[in-house]
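Sending over a structure as structure tokens; questions will come in a sec.
Should a chain be cited, it is by its letter among A, B, C, D, E and F, assigned in written order, with residues numbered from 1 in that chain.
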Amino acid sequence: MTTFALLLTESPFASQAFQSCLRFAKAAVLANHQVEHIFLYQNAVLAASAAIDLPSDEPNAAALLADFCQQQRIPLLFCSTAAEKRGLSLQPDQLNAGYQLAGLAEHAMRLSQCHQLVQF
Amino acid sequence: MSQPTLIWLQSSPYNSSAAREALDYTLALAAVDCPVQLLLSGPAVCLLLPNNDFSAALQLKDCSKLLGLLPLYDLAAPLVCQDSLHQYQIDPKQLHHAITRLSRQQLAERLALCQQVVTF
Amino acid sequence: MKLVHWIYPELPAQPLLSQLAPQDLLLLRQDGCYSLLLDWPQLPCRSLVLATDLKARGLNVKAAWQSIEDSVWVELAAQASQVVLWPK
Amino acid sequence: MTTFALLLTESPFASQAFQSCLRFAKAAVLANHQVEHIFLYQNAVLAASAAIDLPSDEPNAAALLADFCQQQRIPLLFCSTAAEKRGLSLQPDQLNAGYQLAGLAEHAMRLSQCHQLVQF
Amino acid sequence: MKLVHWIYPELPAQPLLSQLAPQDLLLLRQDGCYSLLLDWPQLPCRSLVLATDLKARGLNVKAAWQSIEDSVWVELAAQASQVVLWPK
Amino acid sequence: MSQPTLIWLQSSPYNSSAAREALDYTLALAAVDCPVQLLLSGPAVCLLLPNNDFSAALQLKDCSKLLGLLPLYDLAAPLVCQDSLHQYQIDPKQLHHAITRLSRQQLAERLALCQQVVTF
């Protein structure tokens, strides 16, 4: 069994990064590997906003990833500093369910428990 | 000022939101009767490839469908860089969308006819 | 064995190619699949492309490239000495 | 006198685009040209969030641009669709002073009144 | 006369150079100023660099390039037939 | 697991937030005693240029100052691609920061020593 940390740095909107990460995580869980945590940095932190409003015909990659992580109890963390610089409000009621505020320090400490880091 | 605004898309189709938002921008200008002309070059010509299936396989919005809306807004067929088509080995006969192929020299001439240019 | 991910619809610059060793793996995914349409030089290592990303783009695998499923992707990442998202 | 429309598409954070736009606008006003409007699209819309929280040693490019535009009465518009996709809350109390919600249609109609479009 | 902005710290691909006509202007700004350190081919048009952006980076102007102030930048943009932010 | 995490910065210094956030990431890992090594290649080597003045001239956060913090966190000097220094005609003797220059072959060897690699 391998312990993975997954790192997202691209915006969830109209890039394929979140979808790729979700597929990797699903396949990893299915093969009995562990996804120790998923960390959102740079523009990926935008996924944590509860105010995301997409046209109805557009898949919401941020919500799909959060659903999977809740179901599998995979910590889905986003970087507070990156979020503050991008104007995300960190009030709990303005955050998407399933996304947890974290510092780079938490990511770093978790990273030392993981065999592999995969970036999308 | 009846010279069209040129919307020049050169970015990768699905690694960022550039392609999606360039097409939204084009259609929005067309909707208020701004004269507008779309130009595809570089990796953006891959948007023209037929037989793709983003929605089902990747849970991703299929941007190429927006190209199909251009005629509904009375827009001219997109200008497409011939060299880029050749580079990506795309056969113009197999495309689902009408296009106008241009050599580099012809692109320079068309560019000179547009007063405003927006690049994505 | 390092697993190198390439996600851009263009050929990587020479520095990538000079970093690849015979035991490494180059994997095209996301818009990197479009680069399969370009003229790649001979590579020193195995070259792969992610089947789901390739099919979604309406593309077919080419000679010298092997298409892999997500399950194989995960196993390769698990076995790799390091997994690298190669910068453009 | 030339009438300019200015277009921002990059995030205000840690890129030079907002600073360049501000310098261009200042020099244009000084030379008695008109900046008819400034439009924020793609990641540039993040500037409109009132929740932007930068380290104290970091210049706030979004605020500097808004101050200048208010002083000169230059409409500083951001694209509502691009903002909604990025999870910006459009409640008035969560928007930065000086940034006005607008559609692509308003930008398009204003564009037809402008001689030049300059993108940063 | 078109005013072409180049903001990337690399040389533009051949297609840009083939689009430049003798009456055009190429202007380096933002991180495009770093490309002044690279070996540019001979250009068919006048080549400029924005003084403020250049100086902020601790760089000096090179032979065949002219450094301009913001006020000149605005006048050139006003007079241009079109202003283009050249894509990478 | 005392193999360092390699933070590989290849992006343009000030056209996006990549350089800034790569350095923040590096320092955050170092702050919690994660072994970490910075690598600069491509346009990112321009961060090393002396005599810059971003704060005053451009109202921009000067990322290169973060390089000066590396020794304070007991981090090794950044690895720098020799070919990139040469390409940008940067004279290693004139730099304000200590660096370790590596050939492409040496870079490949260092890369093989790092278990986790994050690219910006």
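Throughout what follows, a contact is a pair of C-beta atoms (placed from the backbone, for glycine too) under 8 Å apart; a residue touches a chain by one contact, two chains touch by 3 or more.
Just so we're on the same page, UniProt names per chain: B, F = DsrE family protein.
Because the structure is a prediction, the values reported are computed rather than measured.
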item	value
Partner chains shared by chain D and chain F (touch criterion as defined above)	A, E
Those chains which touch chain F and also touch chain C	A
Starting at chain C, fewest touch steps before arriving at chain D	2
B-D, A-B or A-F - pair sharing over half of the D-F contact pairs	A-B
Remotest chain, chain A as reference, centres from CA atoms	E
Interface composition of copies chain A and chain D: same or different, split at half	same
Distance from the mean Cα position of chain C to that of chain A, given in whole angstrom	24
Centroid distance [mean C-alpha coordinates] between chain D and chain A, Å	29
Chain centre separation in whole Å, for chain E relative to chain A (CA means)	40
Contacts with two or more other chains, residues of chain B listed in rising order	14-15, 17, 21, 58, 60, 115-117, 119-120
Interface hub residues of chain C, defined as touching at least two other chains	30-31, 52-53, 82-83, 85
Chain A: positions in contact with at least two other chains	11, 13-14, 16, 85, 115-117, 119
All pairs of touching chains, each written as two labels joined by a dash	A-B, A-C, A-D, A-F, B-C, B-D, B-E, C-F, D-E, D-F, E-F
Contacting residues of chain D [partner chain B, same complex]	5, 7, 9, 41-42, 81-82, 85, 103-105, 107-109, 111-112, 114-117, 119
Residue numbers on chain C that touch chain F, as the complex places them	2, 15, 18-19, 21, 81-88
Touch list for chain C against partner chain B, complex	7-10, 30-31, 34, 37-38, 52-53, 55-59
Chain C partner contacts - residues on chain A that touch it in the complex	2, 4, 16-17, 20, 23-24, 26-28, 30-31, 33, 115-120
Touch list for chain F against partner chain C, complex	8, 10-11, 41-42, 81, 83, 104, 107-108, 111-112, 114-117, 119-120
